[in-house]
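In C-alpha cells below, several structures.
In what comes next, chain A is part of two complexes: it sits with chain B in the first one and with chain C in the second one.
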Partner chain A sequence: MAGGTALRRSVYRLRLSWKLTSLNVRARLEYRVEFALGILAGILWQASVMVFATVLISRFPGLGGWSSGGVLLIASIRLLSHAVYGVLFANVNRLHAIVQEGKLEAFLLRPLPVYRQVVLHQFHINTFGDLAVAVTLFSLALRRLALEWTPFKIVFLCAAVVGGALIEAAVQTALSCAALRSPTATADWTGWLDHTLSTFGNYPLAILPGAVSGLLTFVLPVAFIAYLPAAVLTGTYEGTLVPREIALASPCAGVVLFLAARRLWNWNMRRYEGIGG
Partner chain B sequence: MTPVGAVATIGRLCRITRVTWLSELLEPGRMVSTAIQVGSQVFLTACLWTALYAHTEVSAGLQEHQAVGYAVLAVLASRLRPLSRDMAPDSFYRHMREGTILYWFLRPLPPHRYHLVRALGDQAHGLLWVLAGYGLCTTAGVVPLPDGRWTLPAFLVSMFLGQVIVYQLSLILDLLCFWTVANSNALHVSHFVQSLLSGAFAPLWFFPGWFTTANSFLPFQSTLHIPLSIYVGRIPVNRVPREVAVQAVWCLLLWLITRTLWKRAESRVAVQGG
Partner chain C sequence: MNSKSVPVIAERLTKTFRVAHRSAGFMGGVRAIFRPTWEYKPVVRGVSLSVQPGELVALLGPNGAGKSTTIKMLTGIVAPTTGSVRLCGLDPHRNREENARNIGAVFGQRSQLWWDLPARDSLVMLRDIFEVPAGEYRERLRQFDDMLELSRFWDTRVRHLSLGQRVRCDLAAALLHDPAVLFLDEPTIGMDVLVKEQVREFLRHQVAEDGKAVLLTTHDMKEVEHLAERIILINDGEEMFEGGVAALRSRFGATWKVHVTLSDAVGHPRLAHARIVAREGARVTFGPRPEASAPLGHALKEIINAYPVSDVSTEEDSLEDIMRTYLGGAAAARQSASGGSRMAAR
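What follows is the complex of A and B.
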C-alpha cells in the first residue's frame, strides 16, 4: 500500500518536472537565435578540452605518467558527469541571481520544495552541447585505449558518472548556501568553482605538487569525479594518493556528499531572510 | 572647445571610468575571488605545460620556457577583457531587457562614447591585475623576461593594438542586442571562438598548418597570439612591422564596422520592459 503511494508520488513528481521543463524550453524558444546559439555555446565551451586534447595527442607522448588515451578518459568521464549535472542541477549555481531578483520569495509560497523549484527554474540548453562533446571525447579515448570491458567496469563507469555529477551538485549546493545571504559576493565564487572543477578535473592530479594534489583529493573532492574512476578503469593507481579500495568506492562519495550538502542547504533555507527584490 | 571646457569633459569622462573601480571595491569578495581564480589558473597552466615538456625539449618551435611563458601570459591577458557586468546589473543585455538602454540616448554624452569610456575603465582595472600577476610570475621565474632591446617596446605596441581589436569585437556583440535582444549565448560563443583563435587555450604554434593559415585571415590571432609570440621570441623583431601593420588594418576595418552598426542601432532602439 505504502509502496504504491510512493510510486504514485514519484510518477507525479516526474510528470510535473517534465511539464515544467517543457514550458522552460518553450520559453527559451521565443528567442530562436539565442536558442541555437545556446546549443552551439555548450558544444564550443567544452570543445576547449578537445582542443587541448588534440594538442596533447599530436605533439606530446603523455601527461604525468598517463598515456594520451588515459588523459582523454579522465576528461571524458569528467565531461559526462558534468553533462548529467547540467541536466539535473545546473540552476543551483544560478541561485545568486534567483535571490537577487527576488524570485526565491515566490518559490517559498508555492506547494513544492524550494530546492526542486530552483533546479527546475530554467532548462539549460547548453547541456546538449556538453553531452555531445563528452560522448565524442569518450569514443576518442576508447579508440586509443585497449581496455577490456567487463560487466563490472561498465556498471562502475555508469556509477562513476552519476557519482561525479552528485559531487559537483554537492559542492555547488554547499556553496549556494552563501548566496542565500550574500548573492553578489557568491556569483564569482560559483564561476570560479565551475572553472576549477573543469580545469583541474580533466587531468591527472599527479602533475601537481603533492600538497595541491592532496587538497584536490581530500578538501575539494575533484579527484573523485573522474581521476580516481579513470584510475580504476585503466589500473593506473600510481600517484593517486589513496588506496585502491578507496578509488573503487569513489562513486559512493557523490551520494554521501550530496546528502550532506542538502542537509546544509535545508538548514540555511530555514534561516533565510529576504534580501532580493 | 575652451581649455576649461576640455578639462571639465576629461573630468566627466574620468568619473565614468571610475564606475568599474568603485563597483569592484564595494565587493571585496569579488576581488578575492578574482585573485584566487587568476592565481589557480596560472598555477595549473604552468604545471600543465611543464609536465607536457617533461620528456620533450622542443615542440612546434617552442622550448619549455617559451611555451610556459606564452600560456601563462595568455591567462593573465584574459583579465584585460571587458568585465562581466551582470551582477551590477549593467550589461548591455540587461539594459535592453529592462528598457534602461533608453537613457544612453538621452544623456548629453553620445552612447558610443559612454560605451568606450566604460570599457576603458574595465580594461584599466584588468591591467592592474595583469601587472600584479606579471610581477609575481617574473619574480617566481614562471614567465621569462623579454629577450633583446626591442622586444618589450614591440610587444607593448602589438598588445595595445590587440586590445583595441578586443574592444571592437566585444562592441559588435553588444550592438547585436539591438537586433537579437538577447546576446548571452552569442557572448559565450564569441568568448570561445576568441579564446581558441587567439591562442588563449593553447599556443597557436601547436595547431596544424591549415588551421593557422585559415586563422591568419581573421582578426583573432592579432589580439593575443601575435603580441605573445613577439614577447617569447617566437616572432623575430624584424617581422614585427608587418605584423603590427596587419593589426592596424584590422583596427581600422572593425572601427568602420562598429561605426556603421552604431548608426543603424540608433534608429531601432526597442524598449522591452522597464
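What follows is the complex of A and C.
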C-alpha cells in the first residue's frame, strides 16, 4: 500500500527531525550558563525594538498615517515571524560556517536531504528571547488597537506569521546558495540582510520615500512580511504600493518565494564542488 | 562479474576545477572582479580503480596529488567532470541518499559526532538516521566495544576525547549501519602506537571477517605494509602505479643490502643478482646489480649458495624510503617540465 508507506515515511521523518532537535537542545543544555545567556542575548538583541515601542507609545500619536498600536502590530508580526524563522531556519544564514567547517560533506554522507540537515544542525536558544519580545510586543499592540477579531483575521494572522517566516527563509536560502560556491563571500551579506529586514520590517513603509518603499516591496520583499498583513488586519491601505487583493494574498508570497529559493538551492547543491584539495 | 558485485568501480575519472585567476596587486584584484580570467585546474586526470569485497586498497600519493578529490568523487560528495563511478551498482552522486546507506567514511581530521554530547548519544542518533534495527545495533556495538574498548570513554563528551578515542568512536559511527564499503582518509593520524595497532587489528577484522571493501589513504607507510593487499599510487592526478607492495618495490627500484661474514677466504664468483659493494676483511656487503634490480630473496639464496657464510643480515628499503625516492624524482621531473594548466580568457 503506497499510501500507507508514504504516511509511515512522513511520520518517521517528523520523529527523526524531532529527535535531532531534542538532541541539539540537549547539547546546548550541557552548558547551562550559556543556555541562559543565549536567551538573554535574544531578548537584548531585540531591546532596540522595545525602546522604539516605548518611545512610540509615550511620545507620538502615530507614524505615517498609522496609529501607534498599528505600528506595534507591524513590529510584532515581523518579530513573531522572525521567531518562527529562527526556530525552523536559523541555520540557513550560517551555511558558510557549516561549509567551511567541512560539516556539509558529512551531511552528504547521510541518507537525509542536505537542506533538512542544515536547518536541523543546531538549535539557537536566543530564538526564545525573540519569541518573548515578540509576544510582549504583540500583547501591547492588541491592548492599544480596538480590533475586532473575526475567525478570518485570526487565520490570516497565523498565515501571515508563517508566510513572513518563509519570506525570510526564502531570502536567506537564496543568498546562502553563494555559500555553496564561495563560503567566505557570504558571511557579511547574511548579517547585512538580517539587519535590513529587522530595521525596515518594523515600520509602515509609507513613511519612506517612494523609491525605497518600492525597493522594499518589489525587490527585497520586506513589505510582505508584516507591513501588508498588518494593513489587512487594521484596514490601513493608504500608502501601500500594491492593491488590496495583493495585500490579502501576502501570506502566499512566502510559500511561492520559498519554493523558488529551494529549487535554486538544490540546483546549486548538485553543483557543489567541495572545499580544499 | 557484474557491476553490482564489485563494491567500488571507477573508470577514467577526471575532475577539473575552474578557478578565477587573479594577477598580483590591487589592480589585478579589481580586474578579476570585472573581467575574470578563468583557469582550469585538472586535479584528477583519468584515475581508474576497483575494490573487491574483503579487500583493502591503499590510495597513496603526495599532498595535492588528487587523493581527497578522488575520494570525494567516489563517495558522491562531488560529481566527476568525466568518467564514471559505480558503488554497489549505484551512481553515488545521483543516488546520494541511497548510496549513503552502502558506505561509511572516516575522515581523520574531522568528526561526524555531536561535539557537545557523549559519543554514545551520537551513535544512538546515527542508529535512528540509518534505521538500524535495535537488535543489530546492540550486537554491533558490543562487537565494536570488544575490539576498540569504546565503553571506557563513550560516556564522555566528544570535545573532551583524545584524538585516538574520538577516531575510534568515529569508526564505530561509520560502521554502525554495516556498509559494504568503507572509506578512510588518514584514520590513524596522530595516534599513539598501541591505539594504532588496535585500530589496524579492527580494520583487518572488518576486511577479513566481514568482507568489507576498504579504501584507505594514509601517509603512514607502516600501515600500508600491514594492511594493504594492493596499492594505487597517484601523483598530479594521474595513476602512477597499481599493484602489490612487492611489485611496487621492484618497479621503483627499491634497494637492499646483504651483510655477510665469510668463514673461508674464497674467490669472488660473479653472481647474477648481486654484486659486492663493500669489503672489510671477512665482512662483505652485497647490493643489487645496477642493470637489474632483483628481489632480495633471490639474491640472498644466490649469495648463500656461492659463499661459505658464517653470519648474515639483511637491510631493505622501507616503503617510506621508496616513496621518498619516488616522490623526490617526481618533484624534480615536474620542475623541469612546463606548467600543466591551461588558461582561457572569458
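Some points to look at:
Quick note on the criterion: the second predicted complex is superposed on the first by the 274 of 277 C-alpha atoms of A that agree within 3 Å, B and C clash if a C-alpha of one lies under 4 Å from a C-alpha of the other, contacts with A are read in each partner's own complex, and residues count from 1 in each chain.
The criterion applied here is as follows: a contact is a pair of C-beta atoms (placed from the backbone, for glycine too) under 8 Å apart; a residue touches a chain by one contact, two chains touch by 3 or more.
All values derive from a computational prediction rather than experimental measurement.
Once both complexes are superposed on chain A, the partners chain B and chain C fit side by side without clashing.
In the superposed pair of complexes, A:Tyr31 makes contact with chain B and with chain C alike. Taking chain A as the reference, the larger set of touched residues comes from B, when chain B and chain C are compared. Look at A:Pro243: by the touch rule set out above, it reaches neither chain B nor chain C.
When the shared chain is aligned, chain B comes close enough to touch A:Phe200, but chain C does not.
Of the two partner chains placed by the overlay, only chain B lies in contact with A:Val55; chain C stays clear of it. In the superposition on chain A, A:Gly102 makes contact with chain C only, while chain B stays out of contact range. Of the two partner chains placed by superposition, only chain C is touched by A:Leu16; chain B is not. Touch criterion not met for A:Gly210: it reaches neither chain B nor chain C.
When the two structures are aligned on the shared chain, A:Arg110 is found in touch with chain C, with no touch to chain B. For the three-chain overlay built from the shared chain A, the minimum Cα spacing from chain B to chain C equals 8 Å. Chain A residues 31 lie at the interface with chain B in one structure and with chain C in the other. Interface residues of chain A facing chain C in the complex, by the touch rule stated above, are 12, 16, 19-20, 23-24, 26-28, 30-31, 101-102, 105-106, 108-113, 270-274, 276-277. Every residue of chain B that touches chain A in the complex is listed here, in rising order: 27, 29-30, 33-34, 36-37, 40-41, 43-44, 47-48, 50-53, 55-56, 59-60, 86-87, 180-186, 188-189, 192-193, 195-196, 201-202, 206-208. Chain contact summary for the complex, chain A toward chain B: residues 31, 33-34, 37-38, 40-41, 44-45, 47-48, 51-52, 55-56, 58-61, 63-64, 96-97, 100, 126, 182, 184-189, 191-192, 195-196, 199-200, 203, 207-209, 212. Touching chain A in their complex are the following residues of chain C: 17, 43, 63-64, 66, 68-69, 72, 75-79, 96-98, 100-101, 103, 105, 107, 110, 112, 114-117, 121, 125, 128-131, 157.
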